[in-house]
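Labels for the chains are A, B, C and D, by order of writing; each one numbers its residues from 1.
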């Protein structure tokens, strides 16, 4: 038993969608789901503890200890509602990954969810120019909807870890599964990619939120990266200046 | 729980045999079962998902995502019927291997199967001349039937992985188990070996199919191998021609 | 199933607290719980065997063989009562660690326990001057009680292994969890640190015992360490005396 | 579930003792149990299959395939009766080891067994002179019986693997557990050590058999070892004779 579900609210409220992500490249999916949780003032409805996390306890800045756990929130957005699934890390244990996602999907099914989204990263390995959103799904009919929403469908490849399982295992419970992958360099936290993914999600699900917090996050990240780059180039210049004109010794 | 069985049809139809193989050397068994599935226009009746596969999702060329899984088909061949078991890969997890096969055999038992065949490779490590079929079984009486069908019985050795478990574990459920192993070099996909195995299976079970598709597959493979060999020998010749007549240095 | 519980007494008597520790740095927690077991003349009420220990049997000096196991004792101290949990070693298997602690907490819950303490070490990596006691808990309200008892609350960090799980998992069963960590160098058994932890525990729980046995233990340890240090410095002096006055060669 | 028990006979007959061993150093215990099975014409009553064995099938010299498994036999010896447990190998998986032994002991308990013996090796690392039998047990009272039977009780050490679990876990089911360990060099199969262990077992349990087959086995082994030693010393002599009197080069 890898999934120990603890319901926080009395019963899980009805929901149209399950939207989930755990940390991955560029934190694209995780940041997007966290943004929805904050912007939609979502309520924590359940926690999932698992012995697949290392036996380790963390102490918060206020002194209280906590155990790592996955969380399921419930949110309303206009006439729509969604369960939001997130967690602190991927699990190394593959079997546990399957079981955690199975229990989340079971909960979603019980709540009336018919469509499951997982949000993830499409790693470019270089600075993206447009931050396109790619997508895949569990049925051909869903791909047409993705294309109409401006999402690029794929013709190969694989998705690793829990972000792949979330939407793909949905089909085993007769729910539709869609995965949206935002283009990102992969080597820095990319709030702009999260924003593009959320914009595609909005077109598909009707769940719309304000993105200004993601914009500020991206601006901050850009500033931090710029400062870091300047620091690096200053150091390189300095090291050029102090380099001896002549090599008197070999170190 | 390593075996998550998902019945695709309503109930598993009655069957005389279970015939199974997962990928192994030369793809001998896998190719043979796949051939039966196509030629007998077999119906998918069940899928077996397992957390023993790495948590990874694959995207097909049409854009649809799928999870790796084992499959069970049902086919009729004249007055005979069979369940056909296959899958995308061996499992690294031994315990899961046992459990998957146990669930397949349970399903076969429920469908009335009394005889279980697994199809596999007999690795020669060199080009085979005759492509004999070797065999082993769970009862001495079955060996006599194998010999009458032209199958060479063995006097030692071991069979690794799920292809061994399929027929050997049959005896734990009071079914007969037979393994047919086709001679093959082991380092290329060998459709001719699959054909020989299927011919032995036909003599034993009465399930006969047309083999021309396997012949074409073998012809294509032969052409591809020949082309590759010529390419290699051309390159070797070319490299001989450009070699300096005199060695001026030692690299 | 990693936890095989064997009740030694008929039923587990009622208790106010669960106090637990398994071996860790400086043996601070383990020594403290062992001290309580002896001083309070606690009764063994249950043992927990687990296949997560290596399959190994130990032979005592009296010739009797035993299996490694966790133990739960029951003790009365004035108007208070407690279950005391201890064991021979941390488990390498994280999943088993969770399961063992879960079964201990279940037993505690059934016995009416409302407050769970785990005793552990706060590693300084150098000789401590004051041997302060640090603490964390599962609710902010508990931290105030800790501060009033002179325990330093923390603002970060992590607690590894079963000593972290004991108190943190208590909250999953609606019990309060408190962890007391005694400052210690970390590289020798530290009975004085255990004493300080027990003094803090006494202020919080009202369970008071005589500490003279821990004082003698500390005095013995100090004597042993001193003797070892003198031995080392003697050897160093001796090696200085026999060192050649002049270096005739470089080795 | 690591233990898949398959009863071969209808019900397990009543028994006074369980006597077990799996392969270990010098095959001392395994050989002893196998000897009892043959000499007492024991009946196979149950088999235990386990996914903890690697997924591998073996082919016998008669062509029949079989799966590795543990076996439980039943034997009568005068007024006494015993279950005899043996298997082809130790399991690498500790958890599975516990579970297999648990299921064997459960079966023994159901059959009325009150005393469990495991037979093992006491490794000397050099040629033994007397081949003493050492012993340990789960209760101090049993040690007195061991001493009266000429068995040397121990004052420390550990017993690894399933041979330790067999007798030690007996106490968890309220049966007595005794382990008899025969002195052996450890680097060759030692039928004489098995004989000594069986002689001690006879004194303790009243189960007596003829040992001449073990004597012949030991004589054969001795002859084989002697022949091997002579071969080695001949080769050494020969290599001395052909060694050049003068070294003309350094290789």
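Everything below uses one rule, namely that a contact is a pair of C-beta atoms (placed from the backbone, for glycine too) under 8 Å apart; a residue touches a chain by one contact, two chains touch by 3 or more.
Remember, predicted model here, so these are calculated numbers, not experimental data.
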Contact-graph distance - origin subunit B, target subunit C:
2
Between subunit A and subunit C, two copies of one chain sequence, what rotation angle (nearest 5 degrees) aligns their Cα atoms?
90
Over half of the interface residue numbers used by both subunit A and subunit B, so same, or under half, so different?
different
Centroid-based (C-alpha) most distant chain relative to subunit B:
C
Dist(centroid_CA(subunit B), centroid_CA(subunit D)) in Å evaluates to 40
Distance in whole angstrom between the CA centres of subunit A and subunit D is 56
Among the residues of subunit D, which are close enough to touch at least two other chains?
none
Which pairs of chains touch each other in this structure?
A-B, A-C, B-D, C-D
Could you please specify the touching residues of subunit C with respect to subunit A in the complex?
94-95, 97-99, 136-140, 143, 153-162, 164-165, 167-169, 172, 177, 179
Touching subunit A in the complex, subunit B uses residues 2, 4, 6, 49, 51-67
